[in-house]
Amino acid sequence: MSSTYGESLKLSIFGQSHGPAIGMTLDGIPAGLPVDTEKLQTFLNRRAPGQNDWSTPRKEEDRPEFLGGILDGYTCGAPIAAVIYNKNTRSVDYANLKDCPRPGHADYTAQIKYGGFQDAAGGGHFSGRLTAPLCIAGGLCKQWLEEMGIRIGAHIYMIAGWEDNKFNPLQPELDAIDPVFPIINAQLGDEMKKRINKARAQGDSVGGMIECAIIGLPAGLGEPMFGGVESKIAQIVYGIPAVKGVEFGAGLTFAYDLGSEMNDAYTVEDGQITAASNSAGGILGGITTGMPVIFRAIFKPTPSISTPQQSVSLSRMEEQELIVKGRHDPCIVPRAVPVVEAAAAIAIYDLILSNTQTTRRK
Amino acid sequence: MSSTYGESLKLSIFGQSHGPAIGMTLDGIPAGLPVDTEKLQTFLNRRAPGQNDWSTPRKEEDRPEFLGGILDGYTCGAPIAAVIYNKNTRSVDYANLKDCPRPGHADYTAQIKYGGFQDAAGGGHFSGRLTAPLCIAGGLCKQWLEEMGIRIGAHIYMIAGWEDNKFNPLQPELDAIDPVFPIINAQLGDEMKKRINKARAQGDSVGGMIECAIIGLPAGLGEPMFGGVESKIAQIVYGIPAVKGVEFGAGLTFAYDLGSEMNDAYTVEDGQITAASNSAGGILGGITTGMPVIFRAIFKPTPSISTPQQSVSLSRMEEQELIVKGRHDPCIVPRAVPVVEAAAAIAIYDLILSNTQTTRRK
Amino acid sequence: MSSTYGESLKLSIFGQSHGPAIGMTLDGIPAGLPVDTEKLQTFLNRRAPGQNDWSTPRKEEDRPEFLGGILDGYTCGAPIAAVIYNKNTRSVDYANLKDCPRPGHADYTAQIKYGGFQDAAGGGHFSGRLTAPLCIAGGLCKQWLEEMGIRIGAHIYMIAGWEDNKFNPLQPELDAIDPVFPIINAQLGDEMKKRINKARAQGDSVGGMIECAIIGLPAGLGEPMFGGVESKIAQIVYGIPAVKGVEFGAGLTFAYDLGSEMNDAYTVEDGQITAASNSAGGILGGITTGMPVIFRAIFKPTPSISTPQQSVSLSRMEEQELIVKGRHDPCIVPRAVPVVEAAAAIAIYDLILSNTQTTRRK
Amino acid sequence: MSSTYGESLKLSIFGQSHGPAIGMTLDGIPAGLPVDTEKLQTFLNRRAPGQNDWSTPRKEEDRPEFLGGILDGYTCGAPIAAVIYNKNTRSVDYANLKDCPRPGHADYTAQIKYGGFQDAAGGGHFSGRLTAPLCIAGGLCKQWLEEMGIRIGAHIYMIAGWEDNKFNPLQPELDAIDPVFPIINAQLGDEMKKRINKARAQGDSVGGMIECAIIGLPAGLGEPMFGGVESKIAQIVYGIPAVKGVEFGAGLTFAYDLGSEMNDAYTVEDGQITAASNSAGGILGGITTGMPVIFRAIFKPTPSISTPQQSVSLSRMEEQELIVKGRHDPCIVPRAVPVVEAAAAIAIYDLILSNTQTTRRK
């Protein structure tokens, strides 16, 4: 519930965008897992702001300080706790946002829910900045999954209606993803950037989709009904601000095509059962098939735009024009790519820890 | 986890398609809530099979027997338990399915997960039949929400690519939905039925989408991050067999349009804050805005089709042609409409019981 | 929460004493575990009423009907569901108890909590009868633990101040426990029975203590802080009606003796680390030491006594003499012995399923 | 599970005794609750070490730094996070303890569970120092309960067999407790201190009992079976290091006396239902009666004693004499008094947030 996720692991995320710090605790992790902090930092840097011209110029180092759970480079069995102190805060005055909520933001719903006691500065606990601690937890899980031969990678699939290639569902091209602007087909990136820059120039913003693949998963992972892989992934991915849709495998195509086209025929290859296609996105009945797990998340355009918008004054209960100050990402999608990977890694690692499948054979 | 859902309420669903019974327990419900069993039966009948020519001819009464939790027409505070005995079982021989898994079904993943100990008959615990106890729980929650002025309704939005109208996101037309074939625009139903009947005639199947609206919700419901309304609804909706995608509000459109087009401007109307549009689907930051909550679920085509398919023999580890016997729904979407409503009702009622919003004002 | 217990397994207990049925669902159990229903019945019979002269004459067969989760003698991975229909009900009129609560019972607290909507007959969901489904779940867990070499046994340690021997904490004498009247030192049983019979003759009741031992546990089981073995066992044992105290190992003696007397010195025996004493009751820091886990539960005297008691009329808000009709156990302790074993078995089996200890060595 | 507690609130405790910091996150708390940090510090100081001659001379300020969840003196709805940096660490060399576990400590069980990867310094995550963050969470809950008219107080009931008065179960004397050495009957304190000092002089330690009372609770709080007040309190109190027993109300006396003596007769007083006695300790059927809730916790003697003890070398697998260096509390009981209050406050506040009782009357 709330800012806590997980069955076997317990992730708890805390902090507000302009409060003293943000951070996370991650409980239930086995001892003896190696932690590569340099590799983690490289992962976190993919999400960090201010690195290029399509993201917000707010600069935060996002360098986690570990307060517990790690000793001499290995997990020690105690809860892992990490904190990132906020340094570059309060540069913009947010006082008026508390009275005049930004359309598309949580300003208004937080006001109603918390009765004015919420930390409104920079979106408070609802800020996209809270994805940094999510990436700490996810970056660690990703490392531990890699040790088990499980790889996770995501790419921008769409920005403002312009599509990258989809993953090959049988063999997702994780190694083909551009490390700077994460798409598969590099030729398509210029048009995407153009759309982002055009939106920025207009004081507007654009959304898009991110596609994520998990390869190397064993068959048989996941639990029936509400504990299925789709349920677990969707629950955490919807915890990423701006996500408004999640689909698995063939996704929307399922609503168009015939069963005979969508059922993945089984085959035997090198003495192993596999499938000739992967419309299922690696999941049947909520349980992994052993094929790559593939899903896509829809991101809405950043609601913070600099063009004038119609809002209301909560104190005066009358309409008021709002001009959002400060500079914001015109498109959150590029920086959200590692966040989606992090969310997937946490969900999958929790499923592995919780797995109750039998080892006996009848 | 697994077949258990909820924070404040605890739903547990049990049973296998061809086992002795299916049922559910629902714990954590306040005492003194009225239970209208006749109304519940009417709701369950919308899901029941064998009622018309576009669903499976397997006939089950789906008449729940309450074993606890209800006394003299009111909840008594003890866990609610209900059971439906399976009567019309074992008519088809499922022995061969255990060796030769149906493409698109959980047969293979269950075999791997449970090592051959699973109840394979009729899909066992993975059967769509398990949505009957989900509808018992959801039908009850729906009644209690109605007592609070909260209404839930769903309709077929798409079958095989053919679309019904979308809900008006400001005023979803719950009362316009056809009670027999649940669509908004009755004129579009014939084409949908035609596509279903054509698929049946070909021994094939089709999928689609269901759109659901929840109206009358207060603003401020839901918790931040992983406890948001989207996370809670998605988790349970993905527990419905065949669901492969869930989107909220404008959904896929978010990936195409500009922020200035998708942000819902606030207005003041009759002294109340409202919005001029509802792209957000009634949710910002995971918290309800007070506008209708709207979501859509993608359903894959029923995997059980009578045309020959390529599968494998697990014992012989070689490919084998499979012909699925028995008669099945060529399209599960019409019968799934109340199931989606039930899932939404359970998620929303749990959110209401768990709600921690302040009542003080600053 | 409520009538639900467990982390990796999810036990949900339902039913009221005089409702249609009582039962349980047990989710999260691996597939392929053998189920010996005859052995389970033998276990349940130890709890069943009406078998001898120191228990209530209400006769219930307590023969569970399994509705799901078991196939051909093995768990199938689906939730296990079992039900016992109530047959011998409503023989006593409970209407007046709703207005005039029995001292020492949950009658009054249920009235306040549920506002008069509770099922008051026979104590409803608060009845000791609800320990029957607890014994179904616990009896199954006990079988699965035995397969792993883990044995659980309990005995009456005290009745009305008269003590049986305590277990030898290094080698609890599970095989010495009398199967009919479960004590270790058979010579002490006559005095206990005398005290029970004297209480019955006086229309009164007596309480006592039950001591339970779990042997064969590996070292390293349990989680830190709130997930420790003591926390897990205490939580479920306090779920047994009438339990008012739980202590581990040397228990109360810890409050009297010196650290030098209570610390268990480590020794090496046959190349294995062990301890020369077991004051810790097999648990240090919430984690098992590999020595027998030993705990004791205090049971209060059955509150239902036939001597006149002072109560109140809730409708008239005035004092009223109450004479509880019907015949009741003058001492619940003998029948509670298998219930304590069941609770321990569920807690331990859940801990085993949840165990996150590392397998690597530094 | 593990270092996480709660249903509606989610407490997560992290840190190791000699790691960088200890701390906690507390999620699920309503917004708008006042936070008096000075009052909290006064509460924390009651637990802090080094304040008098019966506690360890390790000095830690235990001054929490809040990283989130509090704004301008009120909770803001976001998770509350607080951290205490460890300053006075590594003064003793703990390297040899990893090979030679202290009897009565978690050294050995942690070694087995975490395979040598644990943080052994100062007991790591198993240290009594982790009760400081428990007191941050509990101190806050205690404040919020006081706002509702609910008071919690505890006193030393026993040290080394020497007893203080028990609380009057009808009117616990919270205001009579000595603020420095927390007992009710001040005349009994000298003998207790004498026993502590004698143990210290001998290089030994003593245990005892703490009694806690909660007054002002409404009737009807708590959930049936495993969600009862006893289960909830016991689970968290057993999370305090050194606790080996918990009993409610008359406790052990229940195992001696007759039902007619232990049942609390109901009376009507000033138009209110109350009871003439409170053997039940304010709880019947797991639900509060409205009378004071009273419980006692047994604490074992501090295992760290300076007299030579027999242990083993884990690397050489042979017996070895151990002399524990450093100075330790000869009796943890006085400093544990606020810890017990904190644990009770968290359990009760969680029960209040989770409470599902009806408000309707039949």
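A few remarks follow.
Read from first to last, the chains carry the letters A, B, C and D; within each, the first residue is number 1.
Everything that follows uses one rule, which is that a contact is a pair of C-beta atoms (placed from the backbone, for glycine too) under 8 Å apart; a residue touches a chain by one contact, two chains touch by 3 or more.
All of these numbers come straight from a predicted model, not from anything done at the bench.
Contacts with chain A and chain C are shared by B, D. Note: Cα superposition of chain B onto chain D, rotation of 180 degrees, nearest 5. The chain with its Cα centre farthest from the Cα centre of chain D is B. Chain geometry summary: the mean Cα position of chain B and that of chain D are 45 Å apart.
If you average the CA atoms of chain C and of chain D, the two centres end up 25 Å from each other. A straight line joining the Cα centres of chain A and chain D is 39 Å long.
Across the assembly, chain C contributes 1-4, 7, 13, 28, 31-32, 74, 77-78, 110, 113-115, 117, 125, 223-224, 354, 356-358, 360, 362 as residues in contact with two or more other chains.
With chains as nodes and touching pairs as edges, the resulting graph is complete, every pair of chains being joined. Interface residues of chain B, counted against chain C in their complex, comprise 1-4, 10, 12-16, 19-23, 25, 27-28, 31-32, 65-69, 71, 74-81, 83, 110, 113-115, 117-119, 124-125. On the side of chain C, the complex with chain D involves touching residues 1-5, 7, 13, 101-106, 108-110, 112-117, 125-126, 130, 158-161, 199, 202, 204-209, 219-228, 230-232, 234-236, 238-239, 241, 243-252, 254-260, 262-268, 271, 273, 275-276, 279-281, 284-290, 298-303, 305, 307, 309-312, 314, 317-319, 354, 356-362. Against chain C, the residues of chain A that register as touching in their complex are 7-8, 28-33, 74, 77-78, 223-224, 353-354, 356-358, 360, 362.
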